[in-house]
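Paired with chain B in one complex and with chain C in the other, chain A is shared by the two complexes that follow.
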Partner chain A sequence: MDAIILQILNGLDKGSAYALIALGLTLIFGTLGVVNFAHGALFMLGAFCAVTVQRILSLSYSVLDETKKDFLGNPLKVDTHYIEAWFGPEIGASIIDWSVPLAILFSIPVMIAVGFIMERGLIKHFYKRPHADQILVTFGLAIVLQEIIKAYFGANPIPTPAPALFTGSFDFGVLIGFAENAITYPIWRLVYFIFALLVIAAVFAFLQFTTFGMVVRAGMADRETVGLLGINIDKRFTIMFAIAACVAGVAGVMYTPINSPNYHMGMDFLVLSFVVVVVGGMGSLPGAVLAGFMLGILEAFASMNEIKQFIPGIDQIIIYLVAIIILLTRPRGLMGRKGVMEE
Partner chain B sequence: MLGLNKKDALLFMIVALLVGIAPFLLNPFPEGSSLGQMFNAGYPDLMQRFVIFGILVIGFNILFGLTGYLSFGHAAFLGIGSYSAVWMFKLLGYNIVPAILLSVLVSGVFSLLIGFIALRRTGIYFSILTLAMAQMCFNLAYSVLGNPNSNFNLTNGETGLQVYGNDPQYLMSEGSREIPHLFGLAMRDSYQWEISGWLFTFNTGYYLSGIIMLVAFYLSIRIFRSPFGLMLRAIKSNKQRMNYTGLNARPYALAAFVISGMYAGLAGGLLSSMDPLAGAERMHWTASGEIVIMAILGGVGTLVGPILGSGFIEYFKNILSKINDSLLHQWLSWLPDGLEDGIVWVLHFFVGKGWQLTLGVLFMLVVIFLPGGLVEGGQRVGRLFRRKKGGADGASAKQPAE
Partner chain C sequence: MSKTNLTRRGLLKTGAGTGAALAMPTIFSGAAWAASHSGFTNAPGDSSVTLGFNVPQTGPYADEGNDELRAYLLAVEHLNGEGDGGMMSTFTSKSLDGTGILGRKVNYVTGDTQTKSDAARASAKSMIEKDGAIMISGGSSSGVAVAVQGLCQEAGVIFMAGLTHSNDTTGKDKKANGFRHFFNAYMSGAALAPVLEKTYGADRRAYHLTADYTWGWTQEESIVASTEAMGWQTVEKVRTPLAATDFSSYIAPVLNSGADVLVLNHYGGNMVNSLTNAVQFGLRDKQVNGKNFEIVVPLYSELMAKGAGKNIEGVFGSTNWSWKLQDPGTLAFVKSFGTKYGFPPSNAAQTCYAQTMLYADAVNRAGSFNPCAVVEALEGDSSSLPGIDSAANHGFVFDGLGNGQTMYRASDHQCFKDVLVMKGKSNPDNEYDALEIVEVTPVKQVWYEPDHPMFAGGDLGACNPGA
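Here is the complex of A and B:
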């Protein structure tokens, strides 16, 4: 029993990332009808926002400290972070420590701007072009973004630690009546999961309970009629694209302490997120979220040693196998609607 | 000629001629000169890649160009072909005939399986399904089936599959050669001809692959002009209407998928025959993306586009990765200093290790402005000149594929 709960917990953080990316993909697909192969790159850009913030916060200057001497007797060079010099050492250190959560504040405007430029500058011109062209141009864009990041930040993963408060793990088993240390879980993964739930809830609430969201939903159902009613639906869809980019971006920011970001992390997530979208049902937002968590947990189960002994290597292919089976039995995915992308 | 009409026969002859004299064409500068080091591409390894990737993209074009099904997992068949060929080297010996036959066969079987599943859906579903299945093949080859410690080690994981001294090689006799060969004609044998500074290399492997590519090209022309090809075009232009006329589109699409998978397997087998080593990175989905890029760049749905596209990309990949900062400074030394440094700083990101950035930008530009690729570009330039002569031709805009 405790092993099962542990695997469910282990699946949650990856499942959260899949769900967030798939949610953005579905939003873009449902509104603009564009398949965005650059969505993984947006996730990656978000992660590198965290790296940038970390770098900016830890900018430092060196001073010669006459009181301390190195082993040759020369005055020692001491690096001081600007932040610490401005806010005092204690507050400064804690600001640097909290760089990942702070990066969210930085990433939201950046990702909205990126999404806006991307939609107005590129994707707008591809509404009328065939889907193959949309896939190709966004794929090209993903390569370009990835290579730019590689040129600036290098090819190696860059560690970005979580705040000290959230490092380490806590004993989850005790909370629900198991023996001590039966189920321990890293705190940051729980934070990530809760964060993902909040973002998903916010997106759904935005679509469900605001007038703007209502218009967007109407536009998703029938774009032409909404346009005929005198509503500038293109503008709203552009904003939805920026929001989807933002969701992918913050998902990337928060994911950095779990896996150190590298330039191809977006591509790795993208393929699986597409599978998630297809399994959930193209164009269905709840389907994307559900399938994201489901496949994440399934992957965690498949990487249990007991199962791996039985079928070696199943954890590497389980998601694809499930996707193939689901598409063969339910061609529209778990919650797909009729008529979405049928022609 | 050979069942081709006049225009196609001419095209075929031109391609055959170019393949034949490529060792001269690709080495326009004297050996050892600075221009030669930069732009000469007439060495065996690269020329082999030109024609082998030509085969691959010709096959891909039969699927994507005719039926409009965009497969994002074609590299899987390339990898499967490579692995099968190396297994033949391991089991039977270094003759490449069984290796290539098996690689075509095995990738045909795999493409039948994958195509059977993936072709149940169309459009982007199809792209995503092929992508997922190719990625599954990659994972299988990279880790699951490639664990060197298990008894069932098909692919040898990260190291890549290669031939070891203790492999059985049942058909190896005393005198046979220890490198891939065609009845004694080793693939890496070359004849070098030196005249007054110029050095031309005629490589066996290149010419064999070149001949195979010409056969593949001939077959693809025949497919393009056949009733079968017409049926595939019908799938692209309107599948529903095709259904209404009582035709089931899926068997045709599946046939096209299997044919193009076999082309990819053939290319993979040839790659392994040139260098008996197969690694999983050949199957990674970025490799599939590169195949798509080659096809688009050359011109989808045209006969000669795939050859142009693959040649273009392989050539520029080679050149761009050779350029470095000092070379750029040398070229731009006539500019004022500040400007020179600025331009070199910008270009730095596009050359050397950054050639993929150039590739990405180029690809985007082609998709945005020139959806028909190089072939369409050539046609546009040609039309420009014809119009100047005064002939107002009503070239109808090509309808984009749905």
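Here is the complex of A and C:
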């Protein structure tokens, strides 16, 4: 039982990342009708916002220590962080320790700007082009973005730890009546799950309870009619693109303590997230969230030894297998609407 | 992309060449080879010779590939008489004098393997056919090394493997034209097991997570064999997809499996992520069976250790070489590399530098670029390593390239030398100081016979000089 609960937690955690990326993808597809293959790259850019903030906070000056030698036998250069010199070692170290949460504040304007520039500079020229053209141009953009990141940050993963307060694991089992240490789970992964729920709730609330959201929903349903009412729906859709980029970005920032970011991480999530969108139903926001968590949990269960012994290799194909079954039985996905991506 | 260019005529020529090579008496030495500078693939002209360096320049191992490339460029500089000469001054074979190889200036071309077998074969093929490369070297993945080694055998050029750790490279997939300086998975197991027993005891229960491809399989087999031989039990062996990025669903079952050691048969990004995930799940703070839970990473890379950050502290693993060694060869190489690039070389860089030097030296000793002459020179004579009683203990013995006394074994083209057991350092002085040397395991302890079951099934075959 404890193993099953652990895998449910793992599934919810994986599903959080899938749902956040799929949510952004669906927002863009539902509003602009663009299949954005660069969305994984936006997740990756968010993660590198965290790396950038960590590096900015860790800027340092070197002092030669004559008592120690470097690998060439020269006096060792000892680095001291400016922030520790300015605020004292303890406060400075604490600020660096909190670089990932601080990076969220940094990433929001950066990702909104990236989304705005991307939509106005490139994507808008492809609105009336076939989906194949959109896929090609956004996929090309994703490759360009990841190569830029690789050229600047290198190909290796860069450790970006969570604040010390959130490292280690939490005894989840005690909360639900299990023995001590029976079900322990990493604290940051729980933080990530709660964060994902909050972001998802905020996006839904924004669309549901604000005038802006109401107009956007109306535009998603019938763009022409909204336009005829004298509303500049294009402007609102551009803002929605920037918001979707921001959601992917903050998801990337928060993901960095889970796995050290590298330039390729966006691509790792992209294909799975598209499967999530298709399974959830093209253009359906609740479908994307539901499918994200469902496929995350199924993937976690498929990795269990008991399942793998019964069906070897199932962990590698489970998501695609489920996608095939769902699309055969419900061609529009779990919550897809008639008319979306259909002639 | 991997289609060979063998024609009927080429095949006949190759066959004739191979037959002639087999028929030659062993007395056929360098002087005799020197009589002919033609009749083999990409015979160089009188002024220059081209080497092909095939490393991952893009993809997840690009940083490691670029470090290998730095070492190759340094080796070319030294061979051409530029720079400080690096390990040429400490290498015990004294045929290299800074005038290139056999008096020809060394040029090079590079290829990008992308850490994909088909891309690596395509780039090696291009370097051989279009650029006239007479030797291909490179690595970072055993799957790639095995694929390129096979291509070089077919094409009739020498393959000097870079970083490749699978037993299969010089086991079931060994080829006469291929040579590996890097150590292998069996050697990692043989070196690590005694240290693990001394540190953690003989009564342990190990859980293996293994990358699902040739290197992972052979490492798992090697570590399981060596740890079970000292009394450890293996609780579970779980294969993980090479493309996996989040290992949480593979780590979670370890928590209540009864295991008290987790062995991560992962490399590169897989290793960084699985180790990070294992630490997140609190494995290193756990007590199981009355003992502290421990993690072992049998194959370490300095570059990947950087990526794992503090998670690597106290974790045991093994490497082929370390810039922290204090032998004259290492000191010369680290000074040369560090002065040029500003940071110490990785063990991938060292093996690539050594392979280039070993190839150049073999050509000079043979007096010919003919691959069969080079093979003969690298297989050496009756020289052997001291203290090892084996009929297979003969080959080319040398020293001064950073690993102490080393032998290229004639029977399988595997280098035998000391292996380093490393541990993640607690308070590193800088980002290059993530690992510390725990023990230099003597070569005798990592020796195995060529027909060892983990290496069985292959046939070295005859050298192929090509057309």
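A few comments on the model shown:
Keep in mind that, in the parts below, the second predicted complex is superposed on the first by the 327 of 343 C-alpha atoms of A that agree within 3 Å, B and C clash if a C-alpha of one lies under 4 Å from a C-alpha of the other, contacts with A are read in each partner's own complex, and residues count from 1 in each chain.
Please note the rule applied: contacts are C-beta pairs under 8 Å (C-beta built on N, C-alpha and C of every residue); 3 or more make two chains touch, one makes a residue touch a chain.
Everything numeric in this text was worked out from a predicted model, so none of it was measured.
After overlaying the two complexes on the shared chain, residue contacts for A:H131 are found with chain B alone; chain C is out of touch. Of the two partner chains, chain C is the only one that A:W188 touches; chain B does not reach it.
In the superposition on chain A, contact is made by A:V278 with chain B only, not with chain C. In the superposed model, A:A242 lies in contact with neither chain B nor chain C.
When the shared chain is aligned, chain C comes close enough to touch A:D2, but chain B does not. When the two structures are aligned on the shared chain, A:V114 is found in touch with neither chain B nor chain C. In the superposed model, A:Q316 makes contact with both chain B and chain C.
Counting contacts as defined above, chain A residues 150, 316 meet chain B in one complex and chain C in the other.
Interface residues of chain B, counted against chain A in their complex, comprise 64, 68, 70, 72, 117, 120-125, 127-129, 131-133, 135-136, 139-140, 143-145, 147, 150, 240, 285-286, 289, 292-293, 296, 349, 354, 356-357, 359-361, 363-364, 367-368, 371, 400-402.
Interface of chain A with chain C (complex): residues 2-3, 6-7, 10-11, 13-14, 68, 70-72, 76, 79, 150, 154-159, 161, 167-169, 181-182, 184-186, 188-189, 258-260, 262, 264-265, 268, 299-300, 303-305, 308, 315-316. Looking at the complex, you find that chain C touches chain A at residues 58-63, 236, 238, 241, 243, 245-246, 248-250, 252-253, 255-256, 269, 272-273, 276-277, 280-282, 285-286, 303-304, 306-311, 323-324, 334-335, 338-339, 343-344, 429-430, 432. On chain A, the positions that touch chain B within their shared complex are 35, 122, 125, 129-133, 135-137, 139-141, 143-144, 146-148, 150-151, 267, 271, 274-275, 277-278, 282, 312-313, 316-317, 320-321, 323-324, 327-328, 331, 341, 343.
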